[in-house]
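In what follows, a single structure is set out as structure tokens and then discussed.
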Amino acid sequence: MSSSASEPMTSAQRAIWAIVCLAIVLIVVARSFVGHGMGRVYVEPKPMDFVAEVTTSPENASETSSSWKQLSTVEFDAYVSANGYEDTISWVEYDEVPPRAYFAQEAAGGGSIILSWPRTIGLWLAAFFTLAIFSFLYRDNPFYKFAESVVVGVSAGYWMVVGFWDTIVPNLLQRLAPAFSKDYLTPGMELPPGGFDTTNLVFLIPLVLGFMLIGRLLPKCGWLSLWPLAFIVGTMAGLRMVGYIESDILSQTKETVIPLYVQGENTSSTFMMIWSTIWASLAQVLLVIGVLACLVYFFFSVEHKGAVGKTARVGIWYLMITFGAAFGFTVMGRIALLAARVEFLFDDWMWLIDPMQQREFVTASVGLLF
Amino acid sequence: MRTSTIQTTLLATALCASAGVQVVLGSSTTSWLAPPESPTNLVANDLPWDGGGTVQIDWTASATPEDQLKGYEILAHELSVTPREETIETDEQADQAAAEQTESVLEGEGIAPEDARRQAELSTGSFAPAPADPSEWTSLGIVPATQTDYQATGLDKAGVYVFKIRAIGLEGEFSAPTAASGEIRPVAAFFNGRKLPLLVTLMLIASAVFAFIVLARRGMPMRIRKIAGLAAVDEAVGRATEMGRSILYINGIQDMDDLQTVAGVTVLGHVAKTAAEYDAKIEVPTARSLVMTAARESVQSSYFSAGRPDAYNPDLIYYVTDEQFGFVAYVSGMMTREKPAACFYMGSFFAESLILAETGNSVGAIQIAGTANPSQLPFFVAACDYTLIGEEFFAASAYLSGQPDQLGSLKGQDVGKILVGIVIIIGVTLATLQAITGSDSLEAAVNYLVNVILGS
Amino acid sequence: MIKLLENLDRRWIFLAMALCVSVPILVIGLTGVTFPETPTPLAEAFFAEVDRAGEAKGRRANVLIALDYDPASAGELSPMSASLVNQCSQRGHRMYFISLWPVGPQMIDDSIEKVIKRYYPHLVYGEDYVNLGFKAGNEQVIKVMGIDLTTEFRTDVEGTTLSKIPMMEGITSLEDFDLIAEISAGYPGSKEWVLYAATQYDIPLVSGMTGVQAPQNYPYYPTQLKGLLGAIKGAAEYEFIVNEYIRRSRLEELLVASGLDPAVAGPLADEPAQIPAWTTSAAAASMTPEAKADLIDAATGATPGEFLEGQRRMGPQLFAHLLMVLLIILGNVIFFAQRRRGGSA
Amino acid sequence: MQILTRSIPLFITTVAGIVMILSAFFPYTSDWGKFAGQFFNILAAFAFVLGGGNLLKLHLKKISDQRPGWAYSGVVLVCFIVTLFVGLMKIGAYPNPTYPSVHFGGETQGSGSMFWWFYEYAFKPLTSTMFAMLAFYVASAAFRAFRAKNFEAILLLGTAFIVLLGRTFAGVLATGWIPPDSAFSGLRLENLSVYVMQVFNTAGTRAIMIGIALGIASTSMKILLGIDRSFLGSGD
């Protein structure tokens, strides 16, 4: 079914190639008639200028606390020309703006909005990666291999970084070394009264276990990592056992304790009332039967023969319907995902379609609503 | 009688509340209605058997009819401890209630040592008086007029509280508040009694499993039905050996905190053992480094017990990336290149399930999947040769090991299923009879079953 | 034929799927033409409920708009909120925006920017619409609002105290609203609003939700939920109805403005297609050329992209679904053909 | 050695598990579960180092052995190290306006930082495209697997069929003629799929969940009793 690089090209493959190429050509042709330029990202620079501000507390003049005050560009220039760049901090932030804004600015003649090279290159890279992954559907190829290696490398690094800044720092460092964290890592944090909360010493346990875990990297110390592993599996086994019995066994059983007879809502006529009652009650009956039958299906002690076999069979029917329905309902979301990627290619990158009027400043339609 | 619960943890909310009250007061001055009658018989009790911080409040509805009330506002005040001499006597009712309260607390719950100390302090009643003006109290919220009870949660376990209730008219005008309730300390119980049913259930299931394990060890024969997917394991491994291709084993994409992953590692052990005996190559890429660690241990010991420790190669069990789709990208690429003859998917899977199964199918591998994520079962069922559905997956390790004590645990699970079935049948019967006859005693029975026994 | 299908390279299926999704997107994107929707009763009920809000009291309706979703599900839900705001603005309802989701305010800003600021610039903040922002506490917020709104919401999103906001006058609890319109992507969402608002107090509630949620909420329609929009399909249907309504009411305004008798203007506005022809008729002789131009534009001009998002998305959806159905049928045709020939399935 | 590598780990497992079970029933210990969760998160974060180390070892080996496709291993390593570096160092991240003097005070993923760039233009498109591939696989699976082999299969594909059709106007047309308030309104596709969801889907899912819970309970038992211990390398 699939093909590796070695195989010769079958007629089917040639045909697919032809169609794909044709499609690409068509798109490119269409592209050349639509819009002005493609795949550019514009940004608006926003200067951020701060100066140190030393405030002395009213009670006691010796107590001084220094904070940073943001100044407007004008104020800042004035300050600098007066006291130079001593104790000032400045940087420039760039906010992304729709191309529409840039075109408008050009039409008006000049402005602060500029083309952002890093983001533009990024956008083209993203488009390349998107196509590279899709190319795998045709067959494995160098582009896919490249994309695959990039995603593995980047994502491994990404999760390590997130793990450090979002877990190690707040959950471990802030607890065991609050002062250090506040000074160098998370200035926003609240120091506990007395600078250290002794109850946090319990977090030495994961610290030690953590280092034992890393011990696996050293030769001869592999066994060290078994202790944290044992700890994790043990605690989690205990937690899950209680959790699942409470949340699944008890609550699901509770949900299933329902009357088999219910009055129908539709009371437009006696017939309709009886009918809807039957309809509603039937639902309840089917539900209870289903749960019991499926439970029988999962029964291990008895072979699926005779009465048990028949009941189990009913159980399988329920399971199959369940799976079918789940499949059907999931499809919709999956298609939407693909549509989103395609829209990214056609809209953000190729500037081929512009459904959200990101680039035209006035749409013909505006006449319709003001 | 419905019982609502309103979080009072946020001081902000409390402030909003009291300020909100002012606004209403302002508007109420325009009203021509007389203020409604105030509710009566306010009784506040620390909720027994709880983790502390919750107080149960009951009262008798105001004489003003419900349809002329917007609801009742619950006011609370946390008393601050002060030297005795400063305390001013509170009205007898409160003192009495406080006394009763102390009693009930000391009896009602097995008091932990620190609480005993608090109780002593409580009984001395050395508190600053509660302010007279209701607007200085914290409003815990407003409940509909149909309601005559309320659970104040999120209180400080160590704090001491008094409560008042007042009715609110349609125009937002307030009745006079009731007299303050007794001083309540929402202490924590030593044992959480409301979890008793849970404990019993846990004990029943655990002991059933345990009992059968013991019986099995005693040599009681354990007969259990076949599961197609598991019979196919040897076949798959054998096929891989014949074709001289590798076996791919994916242990889900969750970490060791998920028992599905642990079960997957166990199954891996058995598959690896078979592979070692057939001398087939088994490759295990993992999405978590902890899983890699566990998998290596498991496979290594399998090779040892198969008597081929030399054939064990740890580099075939490796970490790829934690990122779900990064992992999938790697595995599906790897599949198309190495064309494994057999693919096992045993563990916790999500959206990637179908990507893996379809790619595996396209390289013509025989595929066996097992997961307990209901949302993914349809895709495995559709795209794999065999699928272990939910509980079957957990049973797999027992089957494959064939050890009596392992099989015993399955019998234990069946006992659990029987229990559930019985409870459902009884409950449904009661509920149905109740629906038809409408008898109150039956209703009480059903409610007890649903809310007390099952509703922990 | 069967032989060919039996060993059909699955990449043909991939290609078909790719075309089914990308071609509609491309065509719709370039032409702006979308599929005609055949609105289901659920969507029509939703529209009708919003339309009739406040009629009983014979005043401008106060509509509480709760946007309880995040960017992740915006693809499905933002078309709903856009059209909802569009309809309310056109109908002249007062809009009170709130959210029970932390990122909700972002969604509120989006719809205000996208719809009100851009197409209804004459609407005044504080008089025609107000953004009350996000409130933590899930269903508790709803419960408390039911009794006293000011307990939960003391200021709007900019921190202005409610007493200083004109349109908040006389709004003390949920009962002071004529309609609750809610767009949700999970918990807290439709279910909570049904249980704690619609069921407790007699306030009409309409709700739009993601496809995943819809099955659990269907049972509430039409008793507690007066209208329900499910997934992108529901969004597209509602969008369609609203756009038709907007076009019609605009035409009517213009026609009446041009001194036409409302009795005549109404029926005429029902037939936008007739307008260009009509402008040349004697009846329109009195109209200025500009007025005529506006009229024709209003009658035939395209609807802005914001209000077609749902219908655009339906294009690929529809084709993809039909492809799936086709594939299942095809698969079975092959299967049975093989069986007849005694081939292995 | 046997003690360090086998007995002690097993002991830890059992004790930790039993403590966790009991703690659930005593208010004073009820939040130990939360701690255990936090501990696990921290350990998982440490485990990243383990994973990273393994990743380096694996790909360096591939490169040094010049195995086929070793160049791609190079790509992996470069991407990994660069991402790691710019992320940990917060290269190009805007400082926190309240504390501009603290370099690490800035948002790790704030737009404009290099780490953000990697996320936005590599991580996001790659992963979401991989996710989008599902649309294709769903199609090929439907073609291949949904065949009326037996009654069970018919139920499966029949249900999927109803639900899918119900989502297109083809389906609405098919049953639209049935008056919504008639006795047979239940047969309208939209109502039919709701009925299926409410009755069959609920029943099936419920039974599956109960079964799983039992499976998990007995698995935990086996782990705590030391019967199931292959994750510690002491399998049967």
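Per-chain residue numbering starts at 1, and chain names A, B, C and D are given in the order in which the chains are listed.
Assume a contact is a pair of C-beta atoms (placed from the backbone, for glycine too) under 8 Å apart; a residue touches a chain by one contact, two chains touch by 3 or more.
Note that the structure is a prediction, hence the values are computed from the model and not measured.
Shared contact partners of chain A and chain B, listed by label: C, D. The fewest steps needed to get from chain C to chain D, moving only between touching chains, is 1. Ranking all chains by how far their C-alpha centres lie from the centre of chain C, first place goes to B. Among the inter-chain contacts, the highest number of C-beta pairs connects A-D.
Centre-to-centre spacing of chain A and chain D amounts to 12 Å, using the average Cα coordinate of each chain.
In whole angstrom, the spacing between the mean C-alpha positions of chain B and chain D is 19. With centres defined as mean CA coordinates, chain C is found 25 Å away from chain A. In whole angstrom, the spacing between the mean C-alpha positions of chain B and chain C is 37. Residue positions 198, 202, 205, 256-257, 259, 262, 290, 293-294, 297, 320-323, 325-326, 329, 362, 374, 377-379, 381-382, 389-391, 395, 410, 413, 416-417, 420 of chain B each touch two or more of the other chains. Among the residues of chain A, those in touch with two or more other chains are 1, 133-134, 136-137, 145, 147-148, 151-152, 154-156, 158-159, 213, 216, 225-226, 229, 232-233, 236-237, 240-242, 245, 249, 253, 256, 288, 291, 295, 298, 319, 322-324, 326-327, 329-332, 335, 338, 340. Shared contact sites, meaning residues of chain C that touch two or more other chains, fall at 10, 14, 17-18, 21, 215, 231, 317, 320-321, 324. Taken together, the touching pairs cover every possible pairing of the chains.
Those residues of chain C whose C-beta lies close enough to touch chain A in the complex are 9-12, 14-15, 17-19, 21-22, 25-26, 28-30, 75-76, 119-122, 211-212, 215, 223, 231-232, 246-247, 250, 294, 297-298, 301-306, 308-309, 312-313, 316-317, 320-321, 324.
Of all residues in chain B, only 197-198, 201-202, 205, 223-226, 256-259, 262, 290, 293-294, 297, 320-323, 325-326, 329-330, 332-333, 336-337, 339, 362-364, 374-375, 377-379, 381-382, 389-392, 395, 410-411, 413-414, 416-417, 420-421, 423-425, 427-428, 430-432, 434-436, 446, 449-450, 454-456 touch chain A in the complex they form. Contact residues of chain D toward chain C in the complex are 135-136, 138-140, 142-149, 157, 160-161, 164-165, 167-170, 172-173, 176, 180, 190, 193-194, 197-198, 201. Of all residues in chain A, those touching chain B in their complex are 1-2, 4, 133, 136, 139-140, 144-145, 147-148, 151-152, 154-156, 158-159, 213, 216, 225-226, 229, 232-233, 236-237, 240-242, 245-246, 249-251, 253-254, 256-262, 288, 291-292, 295, 298-304, 319, 322-324, 326-327, 330.
Looking at the complex, you find that chain B touches chain C at residues 4, 6-7, 10, 13, 16-17, 19-21, 23-24, 27, 70-71, 139, 141-144, 168, 172, 362.
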